[in-house]
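Shown below is the structure under consideration.
Chain naming follows the written order as A, B, C and D, and within any one chain the residues start at number 1.
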């Protein structure tokens, strides 16, 4: 019995006393269950996607295009799931993706998430658009591993200030999101004119920032509209270029990861730019409607960069099998997003923990039952294309 | 913030005062919303397709077969969407397709559409089967760019008269529809025996035409059945041949565009015939049931004609991503149809404007977020085939 | 205006007086509409398929795999749809397939079908399992073209008697069904234990046959169970072999068509056996569950036999586009089944006529609008495979 | 009329007295029908799958990727369906798969199943996790052929004891399940915390075993929790390796079959290990979510092992057509699972018998109507890939 699979036993054993899990263990059922709990604004802010939702659907369908080929009698009783990515040890190749404004899901927001992650040793990535400050979340996380996600503000002083705060608060890796420099056309939110930031939700980090406040005549708490307006101007609408990455490297002495890579040439540019990692991601289908499924480009990108940078993956991961597939196609670890957000919505820290334990148990069991003892054993040989033709490789 | 994306901000900001958009911003939701407003006759006249609807579904599915591959850090903050097609400048590569009998959707019909288009600077194409005359619509459009669509009447005098009226009223380009010389089998309309023309709706242009009236013993207003009968005889049932295009060139001194091209050989014939443009289109799936998806033939046709004619595209465009894909596959601009018609049904000029602004914002944001600054930067490299195999090009 | 397309105008014009078609003109809507009229036994006997229904679904999906590529400006105003198949002139390349026990759908059964077919000049194929005798149906058909379908009885005398009766009653072509020598596993009928024949429905032809009656001690009307038992023994459960076709050729001096061919080698054997035609068919998905779609094998079979036999097609034809596709892929004519049966269920002769006129109008308009003036102009060039890859032929 | 197809006639004839089948004959309808009878715990324990259910869906979809090409006039009137597999004669190439805890479906559990199997001569495979002992089930089976499935206990004495009991009780073949050495993540059961074993259901075989009892201080009936705990420890959580198969060969003098093979290399290892057969299976989608469809790997595996071992198949078989396809792709016989379990749920022995007779009739009719007289005549030539491209082999 591994540490992760233990959650399965725990559930079954509790059943003997008539206790069932706090909410569903079915990754496909989490959204439906969260939808019943949340108002349409918050629910769709998380569940919704850009435009017609085509990218979101493509992300999921892409996993179905690959199939695991289980191997037998490999003595997979004992498994070691831990990996180290950019100096961060993690008990399994899974991180919590940076999701903003988590307080719309639960009053404890990122604090609950950080605590649940720390309980399990799973690293989380704090979003620039969090509902709590860098420091508050660090305190909640305690010894838990944490990375910091940057929406790159259009003011060098604010940027430097955020980076130094994150570093000081123990965030070990900087994740720079490239694919969301302006918000996409999101009908679910537009139809409800629902954008939490405009009401001052998800602004804790800049509003608490000395450099940001220095640019205001009055403190945000005294003139919210002006602070929001400045925040929106700084954080959205401005794309960057490759040569400006130097600035970040100058002000961040740890590993830098670029999030949102979807083209092999951009992956190669990332290598040339000297960053330490990339996240192959389409922002969970929330930015470019009609974009390529993230998993569909992962193999080519992983081939292209080889060992020159660490390749992480997100967009569409829901199940243990998804994790196995992404790793087999070249990812060192994956980020999960909506599933833990739905857990948060259900019951704060307890809810996040339930979802995480379920996903890790599912991954552990799927890895083992497919005949592998560690993530390192996974390669493209573990998979086959779906359909009667299969891979043709045999 | 570009001019188009501004609509996104406007909606979110209005949300602070509790104001939400007049109706959905979701292109996939427009039809359902319009269906609630309209009677089944008008609704299905617009939404319905030929036969079993197979072509209509194929049109939509074809967009899903191609996927945008977003590029990062391209400095796409500032974008220029404008293009000039056949001498017509337009703020974005989008025109309003010629839809007839718009008064079944809203009493203002084409006048409302023309006004909304003019507000935004978007060109519209007036249908021969409009509910208002060439001159009335021109007046409503004011300085707005306008093209004239011809259902080629089987009477040279009437044809010449229509062309000269359109030219006099400032319509800059002639769009000759080739694929609707007779009406297809449309079960939705047949089941209701709903054909507006037979009740004198959508006959404003011929009924106001001196040459047409000259062929009648009594004016249409005095003997509607006879006028309708003559109108039906002149405008339907008669196919033409390539050598008869000379007649149009003789009587129209501006650019001529052939609408309904779906085969590379016909595209080549169009080049040989000396026209200025083609619209790759299957009439939105309303004519040949079981026909090839318009997008599926676009790349080959664009390759075949090169720069010899302007290639426009319609049939199935609903979202900003669709526009990006059609341009990347070779179109210079696209025509949208049903979406603006649904907008018209919702609220006349205001409704058309809402739909147009939404589509342009979506296109602008999708273009920018995929790393492009102008339509000219789009090429097939911006796309990848859907599925695990992808393009194979990398 | 062609003779067939005239039905479209007729419907629209009747709409001016508030008259709509007797029932839907939508081929996809016919089944749903018939289901409301009929009891579950008769409805599912017609609509149901073998086993899980996989073949039935495959038949329909196969049509979607091919797409018509319409051609423009081909001067298709005037069209000639008539063809001559095995000496039978028909106004369009469409016949009515042999469907048994039509009296479960309407009391007039095959008489109504024969009358409707005769009205329009469309040939019909009388099933051995009809509810009326060979002679009664011939009388109802009058001058209308008729073929006779044989379920090959396991008694030479009865077989010869049926053939001579059919010949005497003016049936011009013999259609020998090969794929239904025993009834398949049909859950819809089994769940209701519904088999009309066991109640003496659909036995008119053998029960009226002198040779069949000669094998009974008492006339069927005096001892129904024994007659039914003999009928079942003679007509089901016994497969034949190729060398036994000689017997039929000996006793039928007209053209012989083999129905149920699905493999190129069987098509070649049919040529070698000297028959005049084949029907590429899987019995509308009613016999072998999981069988190949009939349309999927048509092109190879048509190529294999060339001009050596006439190639007919059935299984899944519902729309005018379907007819166009089957002809383009090599069929000389198609047989339609369930659609006319649903028409019969709606209103006897009038219902069959409505369905037929609709299908012929749809075919005529689809043919013309795709740029063709006659069935002979259709070839594989008129089609393209569905999907972004298309045919690759351009 | 063959022995199997007779069930069809029996049903139709009973219809004359108003009698219909005890429950549906539609394989696709069995699950829905069982769901109405059973509580959600038992129903989902059987119907549910691992994780998101992707493997279960893939299993079914894989059958649709292959299509039977029926042949005509092959004189298939008389058919012989019997095969001999590893010394076991069976009337058709079908066995009942090992399903555990059948008493959750019906009080008679495996006894009913064994009786129904014996009635028809169909071999069954008894699960280690049965609700009745090896000996009780053997007695119920009487002369009926039986195989024994082993969940390999982590105690050599218990293992040897089980094997010798099975041998003594007339189980002819040992089926070693490789793919379920630990239980997968199964949301349906987890959500209800439903695991029958923890309540002592499905433990009859170990609890009655002398070697197992010898390891307990008190008999299971006196201390259920401790017995269950030992049972869980012995039977789950421990994977084996190829070199440990020697142990089984040493203690089982009959044929050994490895169940759960999904990779050609594992199939080759099975040959090298000297076993007599393999079951290509993914445990009906119940173990590795996202795994390859069992049918998708069957052809390559059958090619790889040739005649060196007997190739059996399970996972997804529901219809007669499925059996035909699996045999044509290389299986010597198939195991069916859920369908007979649903039959058991409906009416014990009578229900299993109804399902089995239906499946065998369906298989018999499908085999015959596709032109074959015996399983041995089936080869890949009997099939064609689905879709317009087909196999390309003609």
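What we mean here is this: a contact is a pair of C-beta atoms (placed from the backbone, for glycine too) under 8 Å apart; a residue touches a chain by one contact, two chains touch by 3 or more.
Because the structure is a prediction, the values reported are computed rather than measured.
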Fill in the blank from the handout: Min route length, chain touch network, chain B to chain D, equals 2
Problem - Chain separated most widely from chain B, comparing mean CA positions - result: D
Practice task
Pick same or different for copies chain A and chain D, depending on whether their interface residues overlap by over half.
Solution key: different
Problem - Angle, in degrees to the nearest 5, of the Cα rotation that carries chain C onto chain D - result: 90
Handout entry: Centre-to-centre distance between chain C and chain B (centres being mean Cα positions), rounded to whole Å
Key = 41
Handout entry: Contacts with two or more other chains, residues of chain B listed in rising order
Key = 66
Problem - Touch relationships between chains, expressed as pairs - result: A-B, A-D, B-C, C-D
Exercise for the section: Using the touch definition up top, name the residues of chain B that touch chain A in the complex. Expected result: 1, 5, 8, 11-16, 19-21, 24-29, 63-64, 66-77, 318-322, 324-325, 358, 361-362, 365-366, 368-370, 384, 386-388, 390, 394
Fill in the blank from the handout: Within the complex, chain C is touched by chain B residues 50-54, 58, 62, 65-66, 178-185, 187-195, 198-199, 237-242, 244-245, 258, 260-266, 269, 282, 287-293, 295-297, 300, 304, 385
